[in-house]
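These are the structures, in structure tokens.
One chain, subunit A, links the two complexes that follow: it is found with subunit B in the first and with subunit C in the second.
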Partner chain A sequence: MSGVIKKDESGVYQRVVLKNAAPYHYVNVCLVLEDESTKLSAVEFKQFITSGLKSLYGEVGAALAFDVLKYNEDKRTALLRVNSRGLVKLWSSLTLLGSYQNQACAFRVLQVSPYLLALTGNSRELQLD
Partner chain B sequence: MSVDVSHAPRSVLVCDRSSFLDEKNRISSQLQQLHFNYKVSLLLPECSSAPSHLDSVLKSFSSFYLIRNMPIYELLDKHFLETAVYQGSVSGLSHRTRIDEENCVALMPNGRLCLSLDKHSFQVLGVEGKPSKFNHKTKNRFVVSVDLTDSSMAPGGRGYVRLLTGLRSRLHLRTDFLLSHHPGGGASLQHLLSRYDWSEHRPEISSRVLTDLSCPALLSSDPQPGDAHSFLEWLGAVDADISCENSSSSFMSSLVCPEPKTMLDKALSVSVCGLLRPQDVHRLVQQLRRHLEQPGPAPWASLTVHGFVDSPVSWGDGEHGVLIGGENFYNLLMFQDHTYHLHLATGSHDPCPQ
Partner chain C sequence: MAVFMDLNLSSSSSVRSLIESAAQLGFSTVAINYVFEPSKKKQEIPTPTPITELMDQLPVVQGRSRPIRVLNRLTVVMSDSSHFRPNAAEYRSFDLLAVQPTTEKLFHAACLLYDVDIICILVTEKLPFFFKRAPVSGAVDRGVVFEVSYSAAIRDSTMRRYTIANAVCLMESCKGRNVILSSAAEKALELRGPYDVTNLGLLFGLSDKDSKEAVSSTCRSVLLHAETRKTASGIIYTMKSCSDSCDQQEAPPQSEHCEAPAAKKHKTAPADS
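So, the complex of A and B:
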């Protein structure tokens, strides 16, 4: 993290530039299952991701703190929050999670950002037809 | 070989603080920096319905056009140049093209045409350009930027003929295209629209009333610029309808509202989506200032403007791209005493906003 502070003489104007200072990253994910009718509760969803972290990174991975900020049980989409230092670990274990209870599955990472606000204004979701 | 996996991609957040009363404030020019705005969202505390003057501004946002499968050389049509581009009344952006994998086109209000092309398309087009700043090592994306108002680009000129031939005979670039224009400037587009499948769209407005909302104490605590990330996180949680009422031991989420906090009885969240002109956003800011001047319980107002993820330009003429996310947005937090906090946020493939 680094910051550059400029202040004018009157003290009214102040500019601070924060580089790579985001404490968290936010990930919008969707779990695609072979059997569409399978139901997953929010707790099972989080547990499943933790199991993926454990299988790839061991106990250290399983201890990685991340939050499920919002979960849609019908669409199996979720907003995750993870410490910026843990983003690559979380993302890679999501990618390598290939089966849920003996059925093929895949995590689609829809959007990743250091700002939660950016996830609410994704222009790729603009539908005009 | 071990690889350090703890580094997240680059991001920049600029925090400006100034006052509307300060003669040197640059807020107007800063708001004009994002030419292609996708979403504007407002958060008004202690408000349950939009005041009529704000409501009328929100409803008066200009409509925009979607032209389906338009050849890009149509933007060089002589009639279109004379009636729309030279007047500075039109801007546009390719729609449903992803800048990290496809060709993207933007027509800026100052008459500059910007093409972000993959290597093959760039070589086929045969027009001068430069490698994208963000992958200068691999050189697999190129940017062609031409000023259509320049004398060399006048219809019939050498530069004009070269670009027109490249787009028409060699590259055959066609995309869905979004166009917005000055209010009342629609007539100048009829000649273009009549030849393609098109539709006119109004910006979509949606609003929500929030009750019993925990909110950072913005007035009493004087938040420091270093707290900007936690403020923006809270704002994102409000926008995405995420609960901040968690305890630190909660299994699912430990997201909480930044301390110190207060409780808002009610708040109004309004959002507008579409291709929105910066001038309309500017009018909205003026109305918000008037709203704050009126005696009432509203101590502050927040406005967030998201740029298009796949725009080839952002923050003025700067090149824009997508690495993990193409975020380019700003948040303006305005107070009753005319001071404001402006947060300009960018992702990995963006210049630093000025």
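So, the complex of A and C:
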């Protein structure tokens, strides 16, 4: 983390500015398939995302490091961790993925955050009265 | 902040599921697109299905607790200059009017002359012409916007190449101003969320700010432009009053005189003198 620390003359207060230094971004995604009964294991899930990266960005894109931190096989939701620099690449390849084994599919990106803690709740799922 | 809009949903059989899916993804306004190709024989200008007939109750937009707004839009695919008839009465039943020019001459005319809201950029084939700076900046000055649709890029990898190439080519001459991104989706699974589309805009050569505006505030200015198209200088607006109870009150005459807004005739005359 690169932080710019500026010390006040009096030496009492200290201002710390972090210039977007988060090394990773966390993405919460859900895979929607045309045929809801299709089962996908975590390995197949990651393989599918890698194939999407490869089709859009080639071998260099396929080498992009990302991790599947958590995968829910029933709902097909996953928590991905990716280098902040690779976020745009990963996200755009998820957007442009349109078919899985000759059936239509879509990735719904639910949440994106530089902090994992922010993904514990989703304000859009709150029931407002 | 302006709300998110998707101004192109195909008017296919699954339009109900498209509208529901768009509301779920967070789009506050969508437009159903009717395509009119005069080059094909025996084709008539389609008439839009009223929204009330389409759905009884419009779905609530996610996170907004108000129903989605649905508009109708007509796209005229032009391969000849006679295909677009200005002031045609059939065009008036649509909220938005778009053209898709296929030759450079028509593109030039669409940018500088035609009274339309949206110019569609071809995304399914390689562009047959270059975007010249003069017509593009003329269109930007007039408030006409360019539309890039992304669902072809999802369907096919060759189309994806053309979409990106044509979009990048457009951004070089318009510098990201007056561009909207829309889906042109036929199925609900071809729709993407507004933030996904914003991120996709980065791939097309838009900046962060322009990319977000392409799904929000530029779309809003299209709607306002479409409203002023029906008015005289954006001030006076005539409409047919359809109240059966009061017969005395005369409805505004639906003559040709009324079709052309007064402002269009006196464009050269100064407004204040």
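In the analysis below, the second predicted complex is superposed on the first by the 113 of 129 C-alpha atoms of A that agree within 3 Å, B and C clash if a C-alpha of one lies under 4 Å from a C-alpha of the other, contacts with A are read in each partner's own complex, and residues count from 1 in each chain.
Assume a residue touches a chain if its C-beta (ideal position, glycine included) is under 8 Å from a C-beta of that chain, and two chains touch if they have at least 3 such contacts.
Everything numeric here is computed off the predicted structure, so don't read it as measured data.
When the two complexes are overlaid on their common chain A, residue A:113 makes contact with subunit B while staying clear of subunit C.
When the two complexes are superposed, the chain touching more residues of subunit A, out of subunit B and subunit C, is B.
Of the two partner chains, neither subunit B nor subunit C is touched by A:41. Once chain A of one complex is fitted onto chain A of the other, the partner contacts of A:14 are limited to subunit B, with no touch recorded for subunit C. In the superposed pair of complexes, A:98 makes contact with subunit C only, with no contact to subunit B. Legend: residue contacts after superposition of the two complexes on their common chain; A:55 is shown touching subunit C, with no touch to subunit B. Of the two partner chains, neither subunit B nor subunit C is touched by A:72. In the superposed model, A:88 lies in contact with both subunit B and subunit C.
On subunit A, the patch touched by subunit B and the patch touched by subunit C overlap at residues 88, 92, 112, 123-124, 128.
Residues 5-8, 10-19, 22, 24-25, 38-39, 41, 66, 95, 98, 199, 201, 225-226, 228-230, 232-233, 235-237, 239-242, 251-255, 273-274, 304, 306-310, 324-325, 327, 329, 331, 345, 347, 352 of subunit B are the ones touching subunit A in the complex.
Residues 32, 34, 55-56, 88, 91-92, 94-98, 104-106, 108-109, 112, 123-124, 128 of subunit A are the ones that touch subunit C when the two sit in their complex. Note for the complex: subunit A touches subunit B at residues 3, 5, 8, 10, 12-26, 42-43, 46, 65, 67-71, 79, 81, 84-89, 92, 111-124, 126, 128. Here subunit C touches subunit A in the complex through residues 25-26, 62-63, 65, 153-155, 157, 160, 187, 189-193, 195-197, 199-200, 202-203, going by the rule given at the top.
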